[in-house]
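There are structures below to look over.
Consider the two complexes below, in which subunit A is the common component and subunit B and subunit C are the respective partners.
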Partner chain A sequence: MFSITTYFSAEALLLLLVTVVLYACLPQKARRYVLLLSSYIFFFSISGKLLAFLLFSTLSVHHIGLWLSTVQNECSISTKGLERDKRKALNAVYQKKQRRIMTFACILHIGLLVLLKYTPFFSQNINALLGLLGLQFRIPVPKFLIPIGISFYTLQAVAYLFDVYRKKIPADKNLLRLALFMSFFPQLMEGPICRYSDTAEALYEAPKMRYDNFVLGAQRILFGVMKKLVIADRLNLLIQNVYGEPTKYDGFVIALSAVGYTFQLYADFSGTMDLVIGAAQMFGINLPENFKRPFFSTTISEFWKRWHITLGTWFKDYIFFPVSMSKPMKKLTTKARKKLGNHYGPLIAGSVSLFCVWFCNGLWHGAGWNYIFFGMYHFLLILSGNITEPVVVKITQKLKINRSAFPYRCVQIIRTFILVCFGEMFFRQESLKLGFKMFGKIFTDFTLKTLKDGSFFKFGLDRHDYLIIIVSAALLFIIGILQEKGICIRSSIAKKNIAVQFAIFYALILFIIIFGAYGAGYVPLDPIYAGF
Partner chain B sequence: MIYIKRIFTVIMFTLGLAGLLIGSSYIFLPKSNGLNSGIEEFKANGILGEKENSIDVLFIGDSETYSAFIPLQLWQEKGYTSYNCGTSGQTLDYTEVMLERTFEKQSPKVIVLETNAIYRKFTVKNVLFTKVADYFSVLRYHNRWKTMKLDEINKPAEYTFTDECKGYRLKTLAKPAVKDNSYMSPTDKILPVEKINRQSVEKIKKLCDENGAKLIFVSTPSTKNWNYMRHNGIAALAKDLECEYIDLNLLTSEVPVDWKSDTVDKGDHMNYFGAKKVTSFLAEYLENTALLTDKRGNPDYENWDKALDAFNKMLSEQHI
Partner chain C sequence: MDERLLEILEDINPEVDFESCTTLIDDHLLDSLSIISLVAEIEEEFDITIPTVEIIPENFNSAEKLWEMITRLAEED
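Take a look at the complex of A and B:
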C-alpha cells in the first residue's frame, strides 16, 4: 500500500513529483484540484480514515466563518442610521453573539485537539492523584488515533476564525479555497502554521509553474535533505543511545548529547521546513519562514523569534495580545504602573500573558510533564530576562561595557545556546526524573575519561561521524553568517552561469549520497515535529 | 525555443548526474570481498571468491539459514560443494540479488530457500532501493568513505576471499527452548504469503529455472519462527509453484531436535548440534535426488578438503 511516513520518504517525494508534473501540464482551473487531491492523498496515506477529521474541521471552519460574517452583516445593517447609544447597545448584542459563536468554535476545534491529544495524559494524572489520595477509584485512560498535523491545522483554523471575528479578513465563501488553505500537503505535517491571508489566495490562484521557481525550490529541497540525512539522522545514533540509558554515561557525554540533540532538532525541523518551503516554491507558493538562524540569538526571547517563528507569532497574536489586552489585565497594568513604575508595572500583566503563552506552548508540543516543564523553563528564562534587564543595563553602563560590541554579543550568543541546550535536554527526555539526573550529571560527573581512552567514539558515532557533523555544522554556520549579513546565497547562485549551477547541484547531491546516514546500520530519525 | 532549451538543460543535467553516480559507484565499490573490504555481508558474499562453477548447492535465506546448514559437513558426508548465503534479516528482494550474483559465476544444481525469509516483510521501496543500488553501488557502499584508501580508487575489483566455514556461522552455545514440539499443533488455517513476497518467490523460481537449478523450500526447526499456519502457507505456495517443500519442524523422527541442547537462543536458531542434524538429513535427501555427484578425491576440489580440515580443527578447539 502507498504509505507515507515522512516528507523524506520515497513515497512522499514520488507524490511531490507526480503533483509537480500534473501541475505543470494542466490548465489553471485544474491545478488547484490537483493540489487538493494530492493533499488528501498525502493525508490519507498517513492517517487513513482519520481524513474525516480534517474534512470535518474544514467544513466547520467554512460554516462558522460564514456564520460570523452573517452576524457581522446583520449588525452593520441593523445599526445603520441608528443613534449612537442605540447603535452601541445593538453592537454589544451582536458582539455577544459573535463571542458565543467563537466560544463554540474554540470548544469544537481546540476541544477536539484536547480530546484526542491530551485526554490520556489528563486521565493518567488524575489516576495518579487518586492513587496518592489513597482512593481505589480510577477513570479509564482512553487511547485515540491522532490525525497527522492536527496540532498545525487546528491552529490555522482557529487563526482564520479569529481573523474573521476581528474583521481582519472577510469570511471565505469558497470552500475549495478554504480546503486548500487547511490541507496544502507540503505544510500539512509540520507546518509552517500559515495565516489565511498569507497563502489561501495563492493556493487558489495556483500560479503557472515557472522554471526559476522550480530550480530554486529544488535547491532548497536538496538543502533540507542534506540537513536531515547528513546531520539529523547521523546524530540519531548517539542521541538514541545516550537518551535511552543516560545513567550509563558521564557528564561530558551527556553534555555533548544535549548539544547534539539541539543541533539534531534544528537540522531535522529546519531541514523539513526547507523541503516544505522548497516544495511550495516549485508551485509558485511562498510559505512563511519558520527559522531565521536561531543560534545567532543573543537572548532566549530573540531565540523564539527565530525558531519556529510561525508558532511564536500565532501565540503572540492569539494568546499573548488577547490576554494582555483583556479588561482585568489592563486594570492590573494601570494599578501596577502607579506603584512599580513604567518598567515593572506592565511587566506583571505581561508575565501573566507570558505564562499563558508558555504553558500552552509546552502543552502544544506534547502531552507530557517534560513538555510543560520545557514551557515553564522558557517562561522563567524570559521573565527573569525582563526583570533583570534594567539592572544589567545599569551594570554594563557603570562598567562601560558596550552591549552591542562583538565580544559581548558572542558571550550572549553562547549563553543563550547553553540555556537552549538545557531546555531541549528536558524536552527530549520523556522522564523528568531522568532529565534532572542528566542535568545533575553534567555538573557532578563531568570527566574527559571517555575521550582520553577512546571509548567516547563507541557510543554510536565514530571519529568520522563527528568529523562530518563538524564539517556540516561549519557549512551551516558559514551560510548563516552570510545570511545574517543580508547575502542571499540562492539568488547569487541563480545569477551564475549554468555550468556553475550544475556543479553546485551535483556537489550537494553527491554530498548527500556519500555522507548521508542511510542504509545498513542507520536508523532514520522519525520526524520530530510531526508528533506534536 | 525556450522549452527546447529547458528540456535540453534537464537532459544534460540528468546525464551529468548519471555519469557522476556511475563514476562514484566505481570508486566506492569494494575492491575485494574480505572482512575489511567494506563489502556488505562479507561471509555470504564469500561465494564470489569461490572457483567458477564449483558450487553444487546454494543455501539462501535469513539467519535461520546460516545457523542451520553446514556446507563443510555436506562435503564431508557426501562430497557435495555448497555455500551458505544466509544473511541476517534477509528479505526476498535481497535474496534475488544474491541469486543473480551467484548465477553470474556459479551453476548450482540445487537452491535451498529457507522459508522464514518468505514471510519477512519488505516494501516496493526496498525492492527499488536494492535494484537501484545494484546499478549505483555508491548508494550501498557510500559509507566506505570512512575506511577507503586513496590507492583503492583506481584498483579493479578482485573478489578472491571465501569464508572458512563457507557462509555457515558456528555457534555452540545452548539455551533451551521454552516450547517443545507443541508449537507445531496441526491446524487448517493458512498464513498467507504477502503479494509482494509471492511475486518475489515467483521471480526466484523463474531465475532458478532459467539457470537449470532446482528450487527447494526448507523450513528449519524453530519454535519461535515456525508454526502450522506458516507450514500450510508455504505448502500451498510450493504446490502452486511446483517446488518441493521440506518442513523439518514436522520431521521430528528424521531430524530429532533436542530443544534443550540444539538451539542457541531458546528455539529461535539452531546451534551447531542442531545444524548437524539438519545438514545430515539434507545430505541424505540430496543424495536421493541423484542430481549431484560426489567430488571427494577430485584434485580440482582439494581446497575443500583443506577447508574441512580447518573447520574440524576449529571444532576441536571448541572441544566438539
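Take a look at the complex of A and C:
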C-alpha cells in the first residue's frame, strides 16, 4: 500500500513529482482539484481513515464561519439608522450571540485536540494522584490514534474562525477554497501555521507554474534535504545513545549532546520548512517563513521571534493580546502604571498573558511534564529578562558599556544559545528526573577524559562524522551571516548564468549524496515536529 | 495631531519624537508592554474600545496612524 511516514521519503517525493507534473499540464480550474486530491492522498497515506477528522474540521469551520457571518449581517441590518445608545445595546446582544458561537467552536475544535492528545496524560496523572491519596479507584487510560498534523490544522481552523469573528476577513462561502487552506499537503504535517489571508486565495487561484518559481523551489528543497540528511540524521546516533541512557555519560558528553540536539532540532525542523516552502513555491504559493536565523538572537524573547515564527505569532495574536487586552487586565494596567511606572506597571498584565502563552506553548508541543517544564522555563527566562531590563540598562550606562557594540552582542548571543540548549535538553528528555540528572552532571561531572582516551568517538559518531557536522555548521553559519547582512543568496545565484546555477545545483546534490547519513549503519531521524 | 494622544505617548516613552517618527513598531520603540499601556490609556481617554484585530504594526507605527485609528473607531462606535 502507498504509505508515507516522512516528507523525506521516496513516496512523498513521488507524490510531489506527480502533483507537479499534473499541475503543470492541467488548466487552472483543474489545478486546484489536483492540489486538494494530492493533499487528501498525502493525509490518507499517513493517517488512513483518520482523514475523517480533517474532513470534519473543514466542514465544521466552513459552517461556523457562515453562521458567524449570518449573525453579523443580521446585526448590521438591525442596527442601521438607530440612535447610538440603542445601537450599542443591540450590538451587545449580537456580540453575545457571536461569543456563544465562538465558545461552541472552541469546545468543538480545541476540545477534539485535547481529547485525542491529552486525555491519556491527564488520566495517568489523575491515577497517580489517586494512588498518592491511597485510593484503589482508577480511571481508564484511553489510547487514541492521532490524525497527523491535528495540532497544526486546529490552530489554522481556530485562527480562521477568530478572524471571521473579529471581522478581519469575511466568512468564506467556497468550501473548496477553505478545504485547500486547511489541507495543503506540503504544510499539513509540520506547518508553517498559515492564516487564511496568507494562502487561501493563492491556493484557490492555483497560479500557472513558472520556470523561475520551479527552480527556486527546487533549490530550497535541496537545501532542506541537505540539512536533514547531512546534519540531523548524522547526529541521531549520538543523541539517541546519550538521551537513552544519560547516566552512562559524563558531563562533557552530555553538554555536547545537548548542543548537538539543539542543532539537530534546528536542522530537522528548519530543513523540513525549507522543503515545505520550496515545494509550495514550485506551485507559485508563498508560505510564511518559520525561521529567521534564531542562533543570532541576543535574548530569549528575540529567539522566539526567530524560531517557529508562525506558532509565536499565533500565540501573540490569539492568546497574548486578547488576555492582556481583556477588561480586568486593562484596569490592572492603568492602576499599576500610576503606582509602578511605565515599565513595571504593564508588566503585571503582560506576565499573566505571558504565563498563559508559555503554558499553552509547552502543552501544544506534547502531553508530558517535560513539555510543561519547557514552557515554564521560557516563561521564567523572558519574565526575568523583563524584570531586570531597567537595572541592566542603568548598570551598563554607569559602566559606559555600549549595548549595541559587537562584543556585548556576542556575549548576549552566546548566553542565549546556552540557555536555549538547556531548555531543549529538558524538551528532548522525556523523563524530567533524568533531565535534571543530565543538567546536574554537566556541572558536577565535567571531564575531558573521554576526549583524551578517544572513547568519545565511539558513542555513535566518529571523527569523520564530527568533521562533516562541523563543516556543515560552518556553512550554515556563513550563510546566516550573509543573510543577516541582507544578502539574499538564492536571488544572487539566480542572477548568475545558467552554467554557474547548475554547477551550484550539482555541487549541492553531490554534497548530499556523499555526506548524507543514510543507508546501513544510520538511523534516520523521525520527523520531530510532526509528532506534536 | 491631538495633544492628548501626544501626551499619552510621551508619558509612555519620553525619549521618542512622536510627531515625526513613523517606525515606532518597526524600530522597537514601542514594545508589547508599551502597547498594553497605550491601549489601556487611549481607551480611557477617548472612551473607545480597541479590538485586538486593530493591534497591528500599521496602526501603531506613528502617532498619525494611531490618531487615524482612534477617530475611525470613535465614528464606528
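The definition used in the following text is that the second predicted complex is superposed on the first by the 532 of 532 C-alpha atoms of A that agree within 3 Å, B and C clash if a C-alpha of one lies under 4 Å from a C-alpha of the other, contacts with A are read in each partner's own complex, and residues count from 1 in each chain.
The definition used in the following text is that contacts are C-beta pairs under 8 Å (C-beta built on N, C-alpha and C of every residue); 3 or more make two chains touch, one makes a residue touch a chain.
Bear in mind that the values here come from a model prediction, so they are computed numbers and not experimental data.
With subunit A as the common reference for superposition, the partners subunit B and subunit C occupy compatible, non-clashing space. Between subunit B and subunit C, C touches the greater number of residues of subunit A.
Once the two complexes are overlaid on the shared chain, A:Gly217 sits clear of subunit B and of subunit C alike. With both structures placed on the common chain, the touch criterion links A:Glu11 to subunit B but leaves subunit C unconnected. Rounded to the nearest 10, the superposed model shows the Cα centres of subunit B and subunit C diverging by 170 degrees about the centre of subunit A. After overlaying the two complexes on the shared chain, residue contacts for A:Gly423 are found with neither subunit B nor subunit C. When the shared chain is aligned, no partner comes close enough to touch A:Gly435: not subunit B, not subunit C. Residue contacts after overlaying the shared chain place A:Leu510 against subunit B, while subunit C stays out of touching range.
After overlaying the two complexes on the shared chain, residue contacts for A:Pro346 are found with subunit C alone; subunit B is out of touch. After superposing both complexes on chain A, the closest C-alpha pair between subunit B and subunit C lies 42 Å apart.
If you check the complex, the residues on subunit A that touch subunit B are 9-11, 211, 462, 464, 498, 502, 505-506, 509-510, 513-516, 519-521.
Against subunit A, in their complex, subunit C makes its touches with residues 11-13, 32-34, 36-37, 39-41, 43-44, 50-53, 55, 77. Across the complex, subunit C is touched by residues 84, 88, 163, 166-168, 316-317, 320-322, 324-325, 329-331, 333-334, 337, 342-343, 345-347, 349-350, 386 of subunit A.
Considering their complex, residues 6, 9, 12-13, 16-17, 20-21, 24, 28, 40, 125, 128-129, 138-140, 142-143, 145-146 of subunit B touch subunit A.
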